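Inspection log for the structure reproduced underneath, given as C-alpha coordinates.
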(Lines give C-alpha, C1' and ligand atoms only; values in the text may rest on other atoms or scores of the structure.)
Protein backbone atom coordinates (compact mmCIF):
# COMPACT_ATOMS: atom_id res chain seq x y z
CA UNK A 1 0.00 0.00 0.00
CA UNK A 2 1.20 3.50 -0.78
CA UNK A 3 -0.40 6.74 0.32
CA UNK A 4 -1.14 9.07 -2.61
CA UNK A 5 -1.80 12.80 -2.05
CA UNK A 6 -3.45 15.08 -4.62
CA UNK A 7 -2.92 18.82 -4.17
CA UNK A 8 -4.49 22.05 -5.42
CA UNK A 9 -6.76 21.66 -8.44
CA UNK A 10 -5.98 17.91 -8.66
CA UNK A 11 -8.02 17.23 -5.51
CA UNK A 12 -10.98 18.77 -7.34
CA UNK A 13 -10.37 16.93 -10.60
CA UNK A 14 -9.99 13.52 -8.96
CA UNK A 15 -12.54 14.19 -6.21
CA UNK A 16 -9.92 12.90 -3.80
CA UNK A 17 -7.23 14.39 -1.55
CA UNK A 18 -5.73 11.22 -0.21
CA UNK A 19 -5.86 7.75 -1.68
CA UNK A 20 -4.47 4.34 -0.71
CA UNK A 21 -3.06 2.47 -3.67
CA UNK A 22 -2.34 -1.24 -3.60
CA UNK A 23 1.12 -2.06 -4.95
CA UNK A 24 1.30 -5.36 -6.80
CA UNK A 25 5.04 -5.59 -6.13
CA UNK A 26 7.32 -4.36 -3.35
CA UNK A 27 8.63 -1.53 -5.50
CA UNK A 28 8.00 0.16 -8.84
CA UNK A 29 9.09 3.25 -10.74
CA UNK A 30 6.94 6.30 -10.12
CA UNK A 31 5.90 6.17 -13.81
CA UNK A 32 3.99 2.91 -13.11
CA UNK A 33 2.28 4.42 -10.08
CA UNK A 34 1.16 7.34 -12.27
CA UNK A 35 -0.31 4.88 -14.80
CA UNK A 36 -2.22 3.12 -12.04
CA UNK A 37 -3.58 6.50 -10.89
CA UNK A 38 -4.65 7.47 -14.43
CA UNK A 39 -6.44 4.11 -14.71
CA UNK A 40 -8.23 4.72 -11.40
CA UNK A 41 -8.99 8.46 -11.84
CA UNK A 42 -10.22 9.29 -15.33
CA UNK A 43 -10.48 12.96 -14.26
CA UNK A 44 -6.72 13.22 -13.68
CA UNK A 45 -5.42 15.20 -16.66
CA UNK A 46 -2.48 13.85 -18.68
CA UNK A 47 -0.05 16.63 -17.81
CA UNK A 48 3.45 16.84 -16.43
CA UNK A 49 3.22 17.04 -12.64
CA UNK A 50 5.60 17.87 -9.86
CA UNK A 51 5.95 14.69 -7.84
CA UNK A 52 7.44 13.83 -4.47
CA UNK A 53 8.18 10.60 -2.63
CA UNK A 54 8.18 10.98 1.14
CA UNK A 55 8.32 14.79 0.82
CA UNK A 56 11.35 14.77 -1.49
CA UNK A 57 11.09 15.78 -5.15
CA UNK A 58 11.01 12.76 -7.44
CA UNK A 59 10.83 11.97 -11.14
CA UNK A 60 9.26 9.31 -13.39
CA UNK A 61 12.17 6.90 -12.88
CA UNK A 62 12.29 7.30 -9.07
CA UNK A 63 11.53 4.13 -7.14
CA UNK A 64 8.39 3.92 -5.02
CA UNK A 65 8.40 1.34 -2.22
CA UNK A 66 5.55 -0.14 -0.26
CA UNK A 67 4.62 2.23 2.57
CA UNK A 68 5.83 5.37 0.75
CA UNK A 69 3.91 8.62 0.55
CA UNK A 70 3.59 9.87 -3.05
CA UNK A 71 2.47 13.42 -3.81
CA UNK A 72 1.03 14.43 -7.19
CA UNK A 73 1.26 18.19 -7.50
CA UNK A 74 0.16 20.81 -10.04
CA UNK A 75 2.62 23.69 -10.69
CA UNK A 76 3.36 25.60 -7.49
CA UNK A 77 1.86 29.05 -7.08
CA UNK A 78 3.17 30.30 -3.75
CA UNK A 79 4.52 33.75 -3.01
CA UNK B 1 29.59 89.15 -3.54
CA UNK B 2 28.92 85.46 -3.78
CA UNK B 3 28.38 83.08 -0.90
CA UNK B 4 30.73 80.07 -1.01
CA UNK B 5 29.99 76.91 0.99
CA UNK B 6 32.58 74.25 1.79
CA UNK B 7 31.25 70.82 2.79
CA UNK B 8 32.57 67.69 4.47
CA UNK B 9 36.36 67.46 4.66
CA UNK B 10 36.77 70.73 2.72
CA UNK B 11 35.52 72.74 5.70
CA UNK B 12 38.39 71.20 7.68
CA UNK B 13 40.99 71.75 4.96
CA UNK B 14 40.06 75.40 4.36
CA UNK B 15 39.21 76.09 8.00
CA UNK B 16 36.00 77.63 6.70
CA UNK B 17 32.39 76.55 6.11
CA UNK B 18 31.01 79.67 4.55
CA UNK B 19 32.92 82.44 2.80
CA UNK B 20 31.95 85.68 1.08
CA UNK B 21 33.88 86.21 -2.14
CA UNK B 22 34.07 89.57 -3.89
CA UNK B 23 33.35 89.29 -7.61
CA UNK B 24 35.31 91.73 -9.73
CA UNK B 25 32.69 91.54 -12.49
CA UNK B 26 28.92 90.92 -12.53
CA UNK B 27 29.40 87.33 -13.74
CA UNK B 28 32.13 84.78 -14.33
CA UNK B 29 32.50 81.10 -15.17
CA UNK B 30 32.67 78.82 -12.13
CA UNK B 31 36.24 77.94 -13.18
CA UNK B 32 37.35 81.49 -12.36
CA UNK B 33 35.62 81.38 -8.98
CA UNK B 34 37.50 78.14 -8.23
CA UNK B 35 40.81 79.83 -9.11
CA UNK B 36 39.99 82.71 -6.76
CA UNK B 37 39.23 80.17 -4.01
CA UNK B 38 42.50 78.29 -4.58
CA UNK B 39 44.33 81.62 -4.38
CA UNK B 40 42.59 82.43 -1.10
CA UNK B 41 42.71 78.94 0.52
CA UNK B 42 46.06 77.25 0.05
CA UNK B 43 44.71 74.23 1.96
CA UNK B 44 42.05 73.55 -0.69
CA UNK B 45 43.35 70.51 -2.58
CA UNK B 46 43.54 70.59 -6.37
CA UNK B 47 40.97 67.89 -7.01
CA UNK B 48 37.82 67.57 -9.09
CA UNK B 49 34.88 68.63 -6.94
CA UNK B 50 31.13 68.39 -7.21
CA UNK B 51 29.88 71.94 -7.51
CA UNK B 52 26.49 73.60 -7.32
CA UNK B 53 25.17 77.09 -8.03
CA UNK B 54 22.06 77.98 -6.03
CA UNK B 55 21.56 74.30 -5.07
CA UNK B 56 21.69 73.02 -8.66
CA UNK B 57 24.60 70.95 -9.95
CA UNK B 58 27.03 73.02 -12.00
CA UNK B 59 30.26 72.57 -13.94
CA UNK B 60 33.43 74.56 -14.67
CA UNK B 61 31.81 76.48 -17.52
CA UNK B 62 28.60 77.31 -15.60
CA UNK B 63 28.06 81.03 -15.06
CA UNK B 64 28.18 82.46 -11.53
CA UNK B 65 26.40 85.76 -11.00
CA UNK B 66 26.71 88.28 -8.21
CA UNK B 67 24.55 87.18 -5.28
CA UNK B 68 24.73 83.44 -6.14
CA UNK B 69 25.40 80.67 -3.65
CA UNK B 70 28.24 78.40 -4.77
CA UNK B 71 28.85 75.03 -3.11
CA UNK B 72 32.22 73.24 -3.30
CA UNK B 73 31.66 69.59 -2.43
CA UNK B 74 33.85 66.52 -1.97
CA UNK B 75 32.47 63.22 -3.35
CA UNK B 76 29.13 62.38 -1.74
CA UNK B 77 29.03 59.55 0.81
CA UNK B 78 25.38 59.23 1.84
CA UNK B 79 23.41 56.02 2.23
CA UNK C 1 10.15 26.31 24.16
CA UNK C 2 11.01 28.95 21.59
CA UNK C 3 8.14 31.10 20.37
CA UNK C 4 6.99 30.45 16.81
CA UNK C 5 8.20 33.83 15.64
CA UNK C 6 11.74 33.10 16.80
CA UNK C 7 11.99 30.63 13.94
CA UNK C 8 13.56 32.30 10.90
CA UNK C 9 11.67 30.15 8.37
CA UNK C 10 7.98 29.53 8.88
CA UNK C 11 4.56 28.96 7.34
CA UNK C 12 1.76 30.36 9.46
CA UNK C 13 -1.84 31.52 9.45
CA UNK C 14 -1.11 34.62 11.58
CA UNK C 15 -0.02 37.89 10.06
CA UNK C 16 3.62 38.94 10.49
CA UNK C 17 5.49 42.16 11.20
CA UNK C 18 8.08 43.36 8.68
CA UNK C 19 9.72 45.47 11.38
CA UNK C 20 10.09 42.55 13.73
CA UNK C 21 11.73 40.33 11.11
CA UNK C 22 14.10 43.13 10.10
CA UNK C 23 14.94 43.78 13.75
CA UNK C 24 15.85 40.12 14.30
CA UNK C 25 18.25 40.30 11.37
CA UNK C 26 19.80 43.54 12.66
CA UNK C 27 20.20 42.10 16.15
CA UNK C 28 21.91 39.06 14.70
CA UNK C 29 25.15 40.83 13.78
CA UNK C 30 26.77 44.27 13.98
CA UNK C 31 28.41 43.51 10.63
CA UNK C 32 25.02 44.08 8.95
CA UNK C 33 25.19 47.11 6.64
CA UNK C 34 22.21 46.28 4.40
CA UNK C 35 18.84 44.62 4.86
CA UNK C 36 16.72 44.01 1.76
CA UNK C 37 13.15 42.80 2.11
CA UNK C 38 10.58 41.56 -0.37
CA UNK C 39 6.98 41.70 0.79
CA UNK C 40 4.32 40.06 -1.38
CA UNK C 41 0.78 41.40 -0.86
CA UNK C 42 -2.62 40.36 -2.19
CA UNK C 43 -3.79 42.52 -5.10
CA UNK C 44 -7.45 43.32 -5.70
CA UNK C 45 -7.22 42.42 -9.37
CA UNK C 46 -5.85 39.41 -11.26
CA UNK C 47 -6.19 38.58 -14.97
CA UNK C 48 -8.96 41.14 -15.29
CA UNK C 49 -11.06 39.75 -12.45
CA UNK C 50 -11.78 41.47 -9.15
CA UNK C 51 -10.42 39.45 -6.19
CA UNK C 52 -12.31 39.09 -2.92
CA UNK C 53 -9.72 36.97 -1.14
CA UNK C 54 -6.95 34.49 -1.72
CA UNK C 55 -6.02 31.35 0.15
CA UNK C 56 -3.09 28.96 0.09
CA UNK C 57 -2.84 25.21 0.37
CA UNK C 58 0.53 23.78 1.37
CA UNK C 59 2.07 20.32 1.31
CA UNK C 60 2.65 20.44 5.03
CA UNK C 61 6.10 19.16 5.91
CA UNK C 62 7.57 19.35 2.41
CA UNK C 63 6.74 23.06 2.05
CA UNK C 64 8.61 24.02 5.23
CA UNK C 65 11.47 21.68 4.34
CA UNK C 66 11.86 23.28 0.89
CA UNK C 67 11.73 26.76 2.41
CA UNK C 68 14.46 25.82 4.89
CA UNK C 69 16.54 24.41 2.02
CA UNK C 70 15.99 27.67 0.14
CA UNK C 71 17.51 29.60 3.03
CA UNK C 72 20.49 27.23 3.27
CA UNK C 73 21.10 27.45 -0.48
CA UNK C 74 20.94 31.25 -0.39
CA UNK C 75 23.51 31.35 2.43
CA UNK C 76 25.86 29.18 0.35
CA UNK C 77 25.30 31.01 -2.90
CA UNK C 78 25.55 34.68 -1.83
CA UNK C 79 27.82 36.78 0.43
CA UNK C 80 25.04 37.40 2.94
CA UNK C 81 24.72 37.13 6.71
CA UNK C 82 21.21 35.80 7.33
CA UNK C 83 17.78 35.16 5.76
CA UNK C 84 14.25 35.05 7.17
CA UNK C 85 11.28 33.69 5.21
CA UNK C 86 7.65 33.82 6.36
CA UNK C 87 4.68 32.65 4.25
CA UNK C 88 1.03 32.81 5.28
CA UNK C 89 -1.52 30.15 4.35
CA UNK C 90 -4.73 31.66 5.74
CA UNK C 91 -7.49 33.51 3.90
CA UNK C 92 -6.05 36.89 2.89
CA UNK C 93 -8.10 39.89 1.77
CA UNK C 94 -6.82 42.35 -0.88
CA UNK C 95 -4.02 44.46 0.57
CA UNK C 96 -3.04 41.73 3.05
CA UNK C 97 0.47 40.39 3.52
CA UNK C 98 1.32 37.02 1.93
CA UNK C 99 5.08 36.45 2.08
CA UNK C 100 8.19 38.14 3.42
CA UNK C 101 11.81 37.47 2.46
CA UNK C 102 14.34 39.47 4.47
CA UNK C 103 18.08 39.25 3.81
CA UNK C 104 20.92 40.86 5.74
CA UNK C 105 24.44 41.38 4.37
CA UNK C 106 27.48 43.57 4.83
CA UNK C 107 26.91 45.11 1.41
CA UNK C 108 23.76 45.84 -0.53
CA UNK C 109 24.46 44.12 -3.84
CA UNK C 110 24.51 40.61 -2.37
CA UNK C 111 21.42 41.36 -0.27
CA UNK C 112 19.44 42.46 -3.34
CA UNK C 113 20.55 39.50 -5.43
CA UNK C 114 19.84 36.95 -2.69
CA UNK C 115 16.41 38.40 -1.88
CA UNK C 116 15.31 38.30 -5.54
CA UNK C 117 16.75 34.80 -5.95
CA UNK C 118 14.87 33.59 -2.87
CA UNK C 119 11.44 34.76 -4.01
CA UNK C 120 12.01 33.52 -7.58
CA UNK C 121 13.15 30.14 -6.27
CA UNK C 122 10.39 29.91 -3.64
CA UNK C 123 7.83 30.14 -6.44
CA UNK C 124 9.51 27.22 -8.24
CA UNK C 125 10.39 24.87 -5.39
CA UNK C 126 7.99 25.31 -2.46
CA UNK C 127 4.75 23.26 -2.70
CA UNK C 128 2.16 25.98 -2.12
CA UNK C 129 -0.96 26.59 -4.21
CA UNK C 130 -2.95 29.80 -4.43
CA UNK C 131 -6.74 29.83 -4.77
CA UNK C 132 -8.54 33.04 -5.68
CA UNK C 133 -12.11 33.88 -4.72
CA UNK C 134 -13.86 36.17 -7.19
CA UNK C 135 -17.53 37.02 -7.82
CA UNK C 136 -17.72 33.90 -9.99
CA UNK C 137 -16.42 31.59 -7.28
CA UNK C 138 -13.12 29.98 -6.40
CA UNK C 139 -10.34 29.02 -8.79
CA UNK C 140 -6.80 27.74 -8.49
CA UNK C 141 -4.10 29.97 -9.87
CA UNK C 142 -2.09 28.61 -12.79
CA UNK C 143 1.35 30.22 -12.62
CA UNK C 144 2.88 31.83 -15.68
CA UNK C 145 6.15 30.24 -16.75
CA UNK D 1 -0.27 70.85 8.82
CA UNK D 2 0.84 67.41 7.74
CA UNK D 3 3.09 65.54 10.15
CA UNK D 4 6.70 65.19 9.08
CA UNK D 5 6.36 61.45 8.64
CA UNK D 6 3.54 61.89 6.13
CA UNK D 7 6.13 63.21 3.69
CA UNK D 8 7.36 60.38 1.46
CA UNK D 9 10.86 61.87 1.01
CA UNK D 10 12.66 63.28 4.03
CA UNK D 11 15.95 63.90 5.82
CA UNK D 12 15.59 63.78 9.58
CA UNK D 13 17.44 63.33 12.86
CA UNK D 14 14.77 61.01 14.35
CA UNK D 15 14.81 57.29 13.78
CA UNK D 16 12.19 55.83 11.41
CA UNK D 17 9.99 52.73 11.31
CA UNK D 18 10.34 50.34 8.37
CA UNK D 19 6.85 48.98 9.08
CA UNK D 20 5.27 52.41 9.00
CA UNK D 21 6.83 53.31 5.67
CA UNK D 22 5.79 49.96 4.17
CA UNK D 23 2.27 50.42 5.52
CA UNK D 24 1.96 53.85 3.88
CA UNK D 25 2.90 52.27 0.55
CA UNK D 26 0.40 49.43 1.01
CA UNK D 27 -2.37 51.84 1.96
CA UNK D 28 -1.66 53.89 -1.14
CA UNK D 29 -3.07 51.37 -3.61
CA UNK D 30 -4.75 47.96 -3.70
CA UNK D 31 -2.86 47.28 -6.93
CA UNK D 32 0.33 46.79 -4.85
CA UNK D 33 1.55 43.20 -5.15
CA UNK D 34 5.19 43.75 -4.14
CA UNK D 35 7.04 46.04 -1.76
CA UNK D 36 10.85 45.96 -1.82
CA UNK D 37 12.81 47.82 0.83
CA UNK D 38 16.48 48.62 1.25
CA UNK D 39 17.59 49.49 4.77
CA UNK D 40 21.13 50.77 5.29
CA UNK D 41 22.49 50.32 8.82
CA UNK D 42 25.69 51.43 10.55
CA UNK D 43 28.31 48.69 10.73
CA UNK D 44 30.73 48.38 13.63
CA UNK D 45 33.72 47.96 11.33
CA UNK D 46 34.98 49.90 8.30
CA UNK D 47 38.30 49.53 6.45
CA UNK D 48 39.67 47.53 9.36
CA UNK D 49 38.84 50.11 12.02
CA UNK D 50 36.28 49.73 14.79
CA UNK D 51 33.51 52.33 14.51
CA UNK D 52 32.01 54.06 17.54
CA UNK D 53 29.49 56.16 15.67
CA UNK D 54 28.81 57.79 12.32
CA UNK D 55 27.32 61.16 11.53
CA UNK D 56 26.13 62.85 8.34
CA UNK D 57 26.42 66.38 7.05
CA UNK D 58 23.94 67.46 4.39
CA UNK D 59 23.72 70.38 1.99
CA UNK D 60 20.39 71.38 3.42
CA UNK D 61 17.93 72.25 0.68
CA UNK D 62 19.87 70.69 -2.18
CA UNK D 63 19.97 67.27 -0.49
CA UNK D 64 16.17 67.09 -0.11
CA UNK D 65 15.67 68.48 -3.61
CA UNK D 66 17.95 65.80 -5.10
CA UNK D 67 16.18 63.07 -3.11
CA UNK D 68 12.81 64.30 -4.38
CA UNK D 69 14.16 64.32 -7.95
CA UNK D 70 15.42 60.76 -7.37
CA UNK D 71 11.89 59.62 -6.52
CA UNK D 72 10.41 61.40 -9.55
CA UNK D 73 13.03 59.87 -11.86
CA UNK D 74 12.37 56.39 -10.44
CA UNK D 75 8.63 56.76 -11.06
CA UNK D 76 9.33 57.69 -14.70
CA UNK D 77 11.94 55.02 -15.25
CA UNK D 78 10.30 51.92 -13.72
CA UNK D 79 6.83 50.30 -13.74
CA UNK D 80 6.29 51.04 -10.06
CA UNK D 81 3.50 52.57 -8.00
CA UNK D 82 5.24 54.63 -5.31
CA UNK D 83 8.56 55.30 -3.55
CA UNK D 84 9.46 56.49 -0.05
CA UNK D 85 12.98 57.63 0.91
CA UNK D 86 14.12 58.51 4.44
CA UNK D 87 17.71 59.43 5.38
CA UNK D 88 18.93 60.26 8.87
CA UNK D 89 21.59 62.88 9.60
CA UNK D 90 22.04 62.48 13.36
CA UNK D 91 24.77 60.64 15.25
CA UNK D 92 24.17 56.91 14.68
CA UNK D 93 25.72 54.11 16.74
CA UNK D 94 26.69 50.74 15.22
CA UNK D 95 23.54 48.76 14.38
CA UNK D 96 21.46 51.93 13.96
CA UNK D 97 19.32 52.74 10.93
CA UNK D 98 20.70 55.20 8.34
CA UNK D 99 18.55 55.12 5.23
CA UNK D 100 15.40 53.44 3.94
CA UNK D 101 14.23 53.13 0.36
CA UNK D 102 10.83 51.48 -0.03
CA UNK D 103 9.25 50.81 -3.43
CA UNK D 104 5.79 49.46 -4.22
CA UNK D 105 4.79 47.92 -7.55
CA UNK D 106 2.31 45.50 -9.05
CA UNK D 107 5.11 43.04 -9.81
CA UNK D 108 8.33 42.28 -8.01
CA UNK D 109 10.89 42.68 -10.77
CA UNK D 110 10.30 46.41 -11.24
CA UNK D 111 10.24 46.95 -7.46
CA UNK D 112 13.66 45.27 -7.04
CA UNK D 113 15.21 47.14 -9.96
CA UNK D 114 13.87 50.52 -8.86
CA UNK D 115 14.92 50.04 -5.23
CA UNK D 116 18.49 49.13 -6.19
CA UNK D 117 18.63 51.99 -8.71
CA UNK D 118 17.42 54.46 -6.05
CA UNK D 119 20.09 53.61 -3.47
CA UNK D 120 22.85 53.47 -6.13
CA UNK D 121 21.74 56.85 -7.48
CA UNK D 122 21.26 58.41 -4.03
CA UNK D 123 24.91 57.73 -3.29
CA UNK D 124 25.91 59.56 -6.49
CA UNK D 125 23.53 62.52 -6.56
CA UNK D 126 22.49 63.48 -3.03
CA UNK D 127 24.89 65.87 -1.20
CA UNK D 128 25.43 63.97 2.05
CA UNK D 129 28.78 63.27 3.72
CA UNK D 130 29.52 60.57 6.26
CA UNK D 131 31.94 61.09 9.13
CA UNK D 132 33.15 58.12 11.17
CA UNK D 133 34.26 58.26 14.79
CA UNK D 134 36.85 55.63 15.72
CA UNK D 135 39.25 55.27 18.61
CA UNK D 136 41.68 57.48 16.69
CA UNK D 137 39.18 60.29 16.22
CA UNK D 138 36.88 61.51 13.49
CA UNK D 139 37.37 61.15 9.75
CA UNK D 140 35.34 61.83 6.63
CA UNK D 141 34.52 58.82 4.52
CA UNK D 142 35.95 58.77 0.99
CA UNK D 143 33.57 56.73 -1.16
CA UNK D 144 34.87 53.97 -3.40
CA UNK D 145 34.13 54.53 -7.07
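Going in written order, the chains are labelled A, B, C and D, and every chain counts its residues from 1.
As a convention for this text, a residue touches a chain if its C-beta (ideal position, glycine included) is under 8 Å from a C-beta of that chain, and two chains touch if they have at least 3 such contacts.
Predicted model, so just to flag it, every value in this text is computed and none were measured.
*Asks:* Would you identify the chain whose Cα-based centre sits farthest away from the centre of subunit C?
*Replies:* Farthest by centroid: B.
*Asks:* I'd like the Å distance between the centres of subunit A and subunit B, where a centre is the mean of that chain's Cα atoms.
*Replies:* 74
*Asks:* Between subunit A and subunit C, tell me the centre distance in angstrom, where each centre is the average of that chain's C-alpha atoms.
*Replies:* Centre separation, subunit A to subunit C: 27 Å.
*Asks:* Between subunit C and subunit D, what's the gap in Å when you average each chain's C-alpha atoms?
*Replies:* 23
*Asks:* Centroid from C-alpha atoms only, then distance subunit B to subunit C, rounded to Å. What do you get?
*Replies:* 49
*Asks:* Could you check subunit C for residues that touch two or more other chains and list them?
*Replies:* 40, 119
*Asks:* Taking each residue of subunit A in turn, which ones touch at least two of the other chains?
*Replies:* none
*Asks:* Name the touching chain pairs, please: which are they?
*Replies:* Those chain pairs satisfying the definition are A-C, B-D, C-D.
*Asks:* Residue numbers of subunit A touching subunit C in their complex, please.
*Replies:* Per the touch definition, subunit A meets subunit C at residues 5, 7-9, 12, 50, 52, 55-57, 71, 73-79.
*Asks:* Spell out the part of subunit C that touches subunit A in their complex, as residue ranges.
*Replies:* Its residues touching subunit A are 40, 56-59, 61-63, 65, 87, 98-99, 119, 122-131, 140-143.
*Asks:* Within their complex, state which residues of subunit C touch subunit D.
*Replies:* Residues in contact with subunit D: 17-19, 22, 26-27, 30-45, 94-95, 106, 108, 111-112, 115-116, 119.
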